[in-house]
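Shared between the two complexes below is chain A, which has chain B as its partner in the first and chain C in the second.
And then the complex of A and B:
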């Protein structure tokens, strides 16, 4: 049996040969330096570098160090990591796929039946884990009307073309010559683009345009309901189950299950507003409140616990100990192993 | 591998950004929180003396990186101190 460690691009692989091959993988990019792996490691083989330093300053090292001479490749770190930055494989199979090992119960899903593809979740997601694609109907499918230009009256001034919000009017301009002294040869209205707003009619100095919108006088006349199709996809690797999508969605389409329950407290008296927690938190829990008017006193720091997953990165990063993260429940799949149960329960404060 | 606070006085311009931006300093000294150097002998992490940065009590450092961000000349850093 031999244990080796390879560090490549800040990613770590610890491998132990023997009857079964055990490999522990660490993906630096996914790590939030929360410190849970260090806390749960039964042999103190993991050291997590200072959270603020790793997030705020440029560092050449990985966010965690694994001492391969101490590591027993048990996999507890991989099962507790809320960001899936660690994974233990036994003979090529992740222990997160093995029933006998407990794993965090966490998920985020968007119900396609309820989603209207408004993109609020995509915009709000702190990890840019959500991609919303949508296909909108053509404008012409949502309007109906009639439009016509009396070419005998039209003087080709181009005002309608300049003002049309739908770019539906096009003038075939030309340089006037002695045998054809006209500034344009034709005016074309693209009825697939026209939205029958009537601006062209109202700007025309010669009353050359007649336009009638059929919807305005008759309401929903002849128009089918707008059909928006699309898809909303959550990248499970990037998702941290913070709940932003669930809270911001106007249609209650996302459902998020968080790995931990707890309480987040912050002492505004001690806080010096250094911004470390704001930058460290993978869930965008913290922000600096802006006064709505001059002279208004606002708290130094604002937190919204609805987005907190109680990973503890903020508490670990705060240089003045102004933040406290209490974990009251760890949500994990059942295990028969008392040692693993105890390890998971030990993360409660 | 241990990350700790390191200063490079030869690079320092003496602006004092690090001293006043440091949340630990600001909490310990109301003068620093108010934006100037301390006139009393309160224990703080770093101080500018004779135009140069000096580490006083690096053991107080929370390694948050705020000072590193405010230094215009890379004279204060969080780096491997082993």
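And then the complex of A and C:
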């Protein structure tokens, strides 16, 4: 039996070979330095590097240190990490797939039936975990009409081309020669792009264009309803279950379940406005309020608790102790182990 | 990994063959104990990984020196941890060590696992007797195989194991 540690690219692997092979993986990139692993470790093998300085300058070392002489590879850190930065595998199987281990109940899903692919969640997601791809109908399918250029009347002045809001008109320009004294060889209207607005007709100095929109003068034609198809995908590895997508969605399509419940308090008197919490928070809970007019006094820091998952990263990093994170509930799957239950419950403040 | 006992150097001063003599002493004691329990010679040969004829010789008091048996007897009366470590050092085979210890140890032990057990399985890995299994993130020690070396008790990171000798 032997315990070894390998650190590669700031990622850590601790391995113990015995009756079974236990491997603990730490992915530095996913870690938010919240310190929950350090708090739960029953043998004090984990130490989280101070975050204050780390957020400003790219650190040389991993965000956490694991002492392999102390680590017994029990997997508590892996089950409590709200960011899945730690994972324990026993004989190649993650303990998150084993029933006897308690795990945090957390999820984020987008209901495809309700989603209209507006991309608000994609824009708001602090972890860029959401990808919305959508397919819009062809413009020509939503409008119908007729347009024609009388090429005998057209003098190729190009005014229609310049004015067309849909870039549907194209002049094939040329340098006139004695042999062919014309400024353009042809004028082309792309009917797939044309929206039959009539601007070209109105600007044409020669009345060379005839255009009729079938909708306007004659009332509604049978034009198919615009059909937008697409998909909205959440990358579970990157998602931190902050709830931004749920709050910003105009259609209530996302449902987010958070791992912890609690209370976040911030003392604006003590706060120095150093921005550490703003940079540390994986959920974009904090922002600096901007005064709407000059001279207006605004708080140093603004927080919206709707996005907080109570991981405690801000509290841990605040250099002046202006933030307090209280956890009132830890949501986890049931376990028969008293020790594990006590460990999860001990994270409540 | 635990081996650092003075007796090994004593044994080694008696030449390379000394360990083999002690092993035959241990196997003699084991064979006699197994016979007392009613096992056939064939079964004894199987458990101790010996020839059937050797078993027969041993049981009839042939081919083993009395000095070897005397030393083997001293070893079986060591504290369980030393008995196990020395036997493992002599045999270099985990399965045989388990069988010899099980048949030569008269003492019985009972293990109590406290609620503080986190199921890290360190004890499972440490137990040379393969007496420990994990169930629902809690260790279970089989009293049939535990013979009280207490390595699990000492190494447990949460002090969750208590081994008691049963009268």
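Basically, the second predicted complex is superposed on the first by the 343 of 349 C-alpha atoms of A that agree within 3 Å, B and C clash if a C-alpha of one lies under 4 Å from a C-alpha of the other, contacts with A are read in each partner's own complex, and residues count from 1 in each chain.
Simple rule for what comes next: contacts are C-beta pairs under 8 Å (C-beta built on N, C-alpha and C of every residue); 3 or more make two chains touch, one makes a residue touch a chain.
Owing to the predicted nature of the structure, the values given are computational and were not obtained by experimental measurement.
When the two structures are aligned on the shared chain, A:272 is found in touch with chain B, with no touch to chain C.
Shared-chain residue A:59: touches chain B; no touch with chain C. By the document's definition of touching, of the two partners only chain C reaches A:19; chain B does not. Shared-chain residue A:100: touches chain C; no touch with chain B. In the superposition on chain A, contact is made by A:1 with chain C only, not with chain B. Within the superposed three-chain model, A:232 lies out of touch with both chain B and chain C [touch as defined at top].
On the chain B side of its complex with chain A, the touching residues are 1, 3, 21-24, 26-27, 33, 61-66, 68-69, 77-80. The touching residues of chain A, when paired with chain C in their complex, are 1, 16, 18-20, 22, 42-43, 72-76, 100-101, 335-340, 343. Touching chain B in their complex are the following residues of chain A: 47, 49-50, 52-53, 55-57, 59, 61, 65, 270, 272-276, 317-320. Taken together, the chain C residues at the contact with chain A in this complex read 1, 115-122, 124-126, 130, 136-138, 157-158, 160.
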